[in-house]
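Read through the structures below before going on.
Across the two complexes that follow, chain A remains constant while its partner is chain B and subsequently chain C.
So, the complex of A and B:
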């Protein structure tokens, strides 16, 4: 690490004192950002927090500085978890230089050394990215070269090792349980419209691309032969004609036994396609996805959400209000068949239904089922998913009856007058909590959810917003009979009501109080209130937010900003700024 | 190591503080809705101001903000010549939904796709919405994070300060 910093420092210094210092300085830019999230935890027997396990305070912070000069840029990011806040992985505990890079890019060639974030196509075989609010970062430390030999053609190559919290990157420093492999990949994309002048302004649009990624890992297993090189390839095509667009990507991976797929030697496949049509005032998009055994990690023993080389996007609607976002679907990399349809329509201004400002409507439906797995012959016996075997056979278009998730929702967004604005949504949800969250034996969540969000503008500077939400579970309700041993499966289950009132003064202040009440939980002691008060101050690019109360898991949007929060009771302070 | 870091930071700051940069628009290439490459550093608007507004299809406050901006955008353009580039930070989960949503809501902005968060990182955006305003020469004059109802009026005041033609 020290060596890297030295090189970076030397480079920056050398460049700073170049002969043509004058023009150089004129082009120099420095910018950066800081954020600190701190939580003070308190005991709260009401929501089952009877022991803080010696942790009263959690602090997550980062500071980042970027330097740019024409075609050259470099940056560093410090991170501190002292210790990490609840809900973040304990491996994050610590302070240090988490990320650095230097890039030279003159449009024809781009070279990056250090930590690389990139993705090939939609990420089915490679994506390295960072999501601070989730404590997740799988940056590839190594190098990347991008070549653009001619207009419309982009070639990329990446090589490196992924970030694994604070674990060292050199093999000789690896811990016994950390044998991360090396990831290398190439990708090419050709955009016909940009490279063929005759197609420049054509209604017809087309681009194609392909990638190959492989990992070199270490076989540490006593039971299985682990392949030391695992390759994956993907091809993609994007087509458009006028208002229509179609894109598809197909990925294939050779056998890659791992802790996630139960050490089967089956190949992996994934398909992601979308078709859309849109014109002013109307847009529709249909997406389908098939995933079969596509977990791809640079450490075959990895089980958690880290060291993923690829990214299989969940395509369902992302809810941001607190009740619907309690049940957020996450991709099942071992197998899923998914479809999603979204329609947006604006009833024009000046019509009977559109009124003076127009009325915005949105419809979304998404469903995810399991794939079908058929048994296969292995050493003279029929097996399904047996470790060490070829796993199973799966017909490409067959859909299992096992439904993981379904969401049907309808939204109306209407400005009624210069002062009144209303948004309302109805959601019908099916959520297989046993599969998605691993609560073995817990009954499926079948819920109707509604919310209404009303904003009243008092004057040019001040507004009041009221948010009312309800969640009703059809089959799990107050009278539900449960065994004592099942009790823990009923956390957050049953009916909920929530309300929030927010008062804002532009450009700086937001004050809000909110309550979420699990009034219909079948277990009496779980019928809790989650009461929160929040003050936010924003000045330009600086935001300070102080909140106190109970927080249950989910996505919270207050003061105009959304983030995910874990369950807790206490006081939270967030300070963020960029310059 | 600490010393080295301090040295490096000092060097960075020393060069940065004396800097009188030509343009604050970073050298990052994004795609527009037709898949065409757009280099941010080369954006120009005939000497009129440019606003970059970061948003995502899953971000409620962002959609509120852009609905509000869309209502006044035509007037703003007539009065100040400002051009708004709405930068979607949707990743592959939702990039396919961007165009249908933009069209469905009738937004008039130029849309750019930051699928790999390159511009988001280069401009130090932590959470959307986040708005940047550049004057006609590409100098950053104002930025704001979050959206509070009515915040578009504050942005407009800033635009008026740097606009060439005023009403």
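So, the complex of A and C:
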């Protein structure tokens, strides 16, 4: 009898385990994505590539898998750079598990351990993110807690150490002889419309928020007393009424001497504001930004984009066509004053100018200048930006005459008939290449750029697209007198023409050939053609792209963060899929 | 709910109070801490007259030299790279040896501490050199090197006599190099405030006296008390000011590039 009871008990347990396992499996969701970018490099004396420096192949690849089951989720990302493609930091060279996390979130509390990506407000004091095309990943390895104690209120806390390529997550990276600090931060946001029932359906919208982030770093300097705890705080408010919206965030950082700011002890400040209006067929956005000494890194000796704790959003138009995107603005964390106005208007259907489908017009203007820096007294001496001093004085609303960047552009987007679609844009550009790309002494790029993008739908499955672009510099053309030793600074300068023709058979195939021609370069040997041919195959979520040809020197920027890309010639294969 | 808010607010307040260190602006510099021993250190400052950040970096390196010992730290300003190209009236301080040491790096200013070339692992920004300099100063001395210069005004001929002696056993391909250095040259330099037409260039590398490869001291191993005397000479270019010229001599291990001991002497 006892034996039977035991058998029955075991059976019941097994059945209940099976039932719960079945339920567990039914609730499970797995998704992920894989991507491999490979470039095979070839010598090409025509564009000055006479030595591959022993590198014929560059491969960047990742695979990530996320698992979700109810309130629980977890994921890993594996990366390989064997070796890294040209234009990516050599520190990426390697292979391994780059990222992992586990999260439990029941709506009231969410806890993540492992690699954390998050952003407080607009990112002025904290943003950890990954951008594959830049080779950038500043994930915070540690923990995050999110509390939602009541409707409309979100409280967050993060704690950890940032990813620095493949360096171990230690206090001291012995290989690089650098120290990385710990980042800890808290953020709170209150959405009044969600919290207060009376405001639930109101035209008036309001939310407020505040953040505090601090890094704990080790003072290893023989010269200076480096603050071991550096804090930054930000407050923000978002207001809306009907079609109007206004948002602003102000950030402040205490003394943070670093390699980026030349070891000055001045506090940092940043302001980002946006006012927008929208209604059917019309939208306008005005943004302003002031940044003063706001580089915030978890390693005070860090350079370039290394170990950024914060993110300073760009307020410039993002161009996607090849010639206008050659000169993309890169955010200057040591100081900039910027403004942008964007207006979109759709001429209604059925009017003389709107035609049968309406006509979309867009105007954008953005400009960035330096801030004004005045000398200060330091030990009885008038100094500016002297290491160990307060650096300089800067009036908050004063704008320097030194213009970094200006982009004025106008775009028309028009569907002419069921088969024809045209987009055209004119851009007037001012680009201080000396400040933005470090070409010391190089003349400013002042250019007019235009493109026309025409798509003709042959039938339901096939279409053909033609892109014609031109870039004309106002001062640097053929015949511009340059010093022989400055020659290198004139790569990609002068006038350009570009054309692309693309034939698409939906849903699988696309074929294109393109050429960019730097026909107006002042240096004769740089008047090169950059031919490329591309075949793309798409099946469901899988995309295979094979292209061959030349790539011109330039910069790749995402969100104002940039990396330089050297000229290259060869074959590129990209395979990506997700599930 | 209130408890939760209170806990969160307290945590935020604690973080805010513990998370900020304000440094007294009148006391940002650390006091000089002497480092014992007789080892000398050579900092190579790879710079350029069109490099806007180079003057501040050079100043920082000189401040380190001033703090840690002017008799034990030597700085050699090597003008190399794109920003050192002599455009217009910017000075031409380029040398074949300096360009070779620079090793096609992409930017200035860059530094090396006790190393010949900027290869992986040897390239430093100025704010990274303090610890390597302090570490190098604390190393035991392995060689002794002296330089004695004789300069003839009429022919502008410089004769260098140098005694090198191992003070400890050391394995490697051991070479000696002698460099001509000119100090206090006035010329054009880009600075953050704009063009400075009267910038004073310090310790400018003018070239090697005994060639890029240097002269062999011992191939394989030097034993303590092994010694050798070297003689080399050169004729000073007419634009060099002999009153501001020095000879920098150093012993180095060729495979690793590591500089083991340096000395700098005025030519007159």
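Annotations for the structure displayed:
Rule of thumb we're sticking to: the second predicted complex is superposed on the first by the 541 of 579 C-alpha atoms of A that agree within 3 Å, B and C clash if a C-alpha of one lies under 4 Å from a C-alpha of the other, contacts with A are read in each partner's own complex, and residues count from 1 in each chain.
Rule of thumb we're sticking to: a contact is a pair of C-beta atoms (placed from the backbone, for glycine too) under 8 Å apart; a residue touches a chain by one contact, two chains touch by 3 or more.
Small disclaimer: the values here were computed from a predicted structure and weren't measured.
Room for both chain B and chain C is found when the two structures are superposed via chain A, with no clash between them. Once the two complexes are overlaid on the shared chain, A:255 sits against chain C while remaining clear of chain B.
Partner contacting the larger number of chain A residues, of chain B and chain C: B. Looking at the shared chain after the overlay, A:247 reaches chain B, while chain C stays out of its contact range.
In the superposition on chain A, A:388 makes contact with chain C only, while chain B stays out of contact range. By the touch criterion defined above, A:89 lies against neither chain B nor chain C after alignment on the C-alpha atoms of chain A.
Once the two complexes are laid over each other on the shared chain, residue contacts for A:362 go to chain B alone; chain C is not touched.
When the two structures are aligned on the shared chain, A:446 is found in touch with neither chain B nor chain C. In the superposition on chain A, A:188 makes contact with chain C only, not with chain B. The superposed arrangement places chain B and chain C with a least CA-CA distance of 21 Å. Within chain A, no residue touches chain B in one complex and chain C in the other.
The residues of chain B lying in touch with chain A in their complex are 1, 4-5, 7-9, 11-22, 24, 26-27, 34-37, 39, 57-61, 64-65, 67, 71, 91-97, 99-106, 115-118, 121-130, 142-151, 153-154. By the touch criterion stated above, chain A contacts chain B in their complex at residues 1-2, 5-6, 8-9, 12-13, 16, 24-33, 35, 64-71, 73, 76, 97, 105, 107, 117-119, 121-123, 127, 129-130, 132-133, 191, 193-194, 205, 207, 238, 240, 245, 247, 272, 274, 276-285, 287, 311, 313-315, 318, 320-321, 342-346, 357-358, 360, 362, 413, 415, 455, 457, 460-463, 465, 504-507, 509-510, 536, 538, 540-543, 557, 559-563, 576, 578-579. For chain C in complex with chain A, the residues that touch the partner chain are 1, 4-5, 8, 11-12, 15-16, 18-23, 25, 27-30, 33, 50-53, 56, 59-60, 63-64, 67-68, 82-83, 85-88, 107, 125, 127-128, 130-134, 190, 192-193. Those residues of chain A that touch chain C in the complex are listed here as 147, 149-150, 155, 157, 177-178, 184-186, 188, 212, 214, 216, 220-231, 233, 254-255, 257, 259, 262-263, 265, 300-301, 303, 384-385, 387-390, 438, 440-441, 483, 485-486, 488-489.
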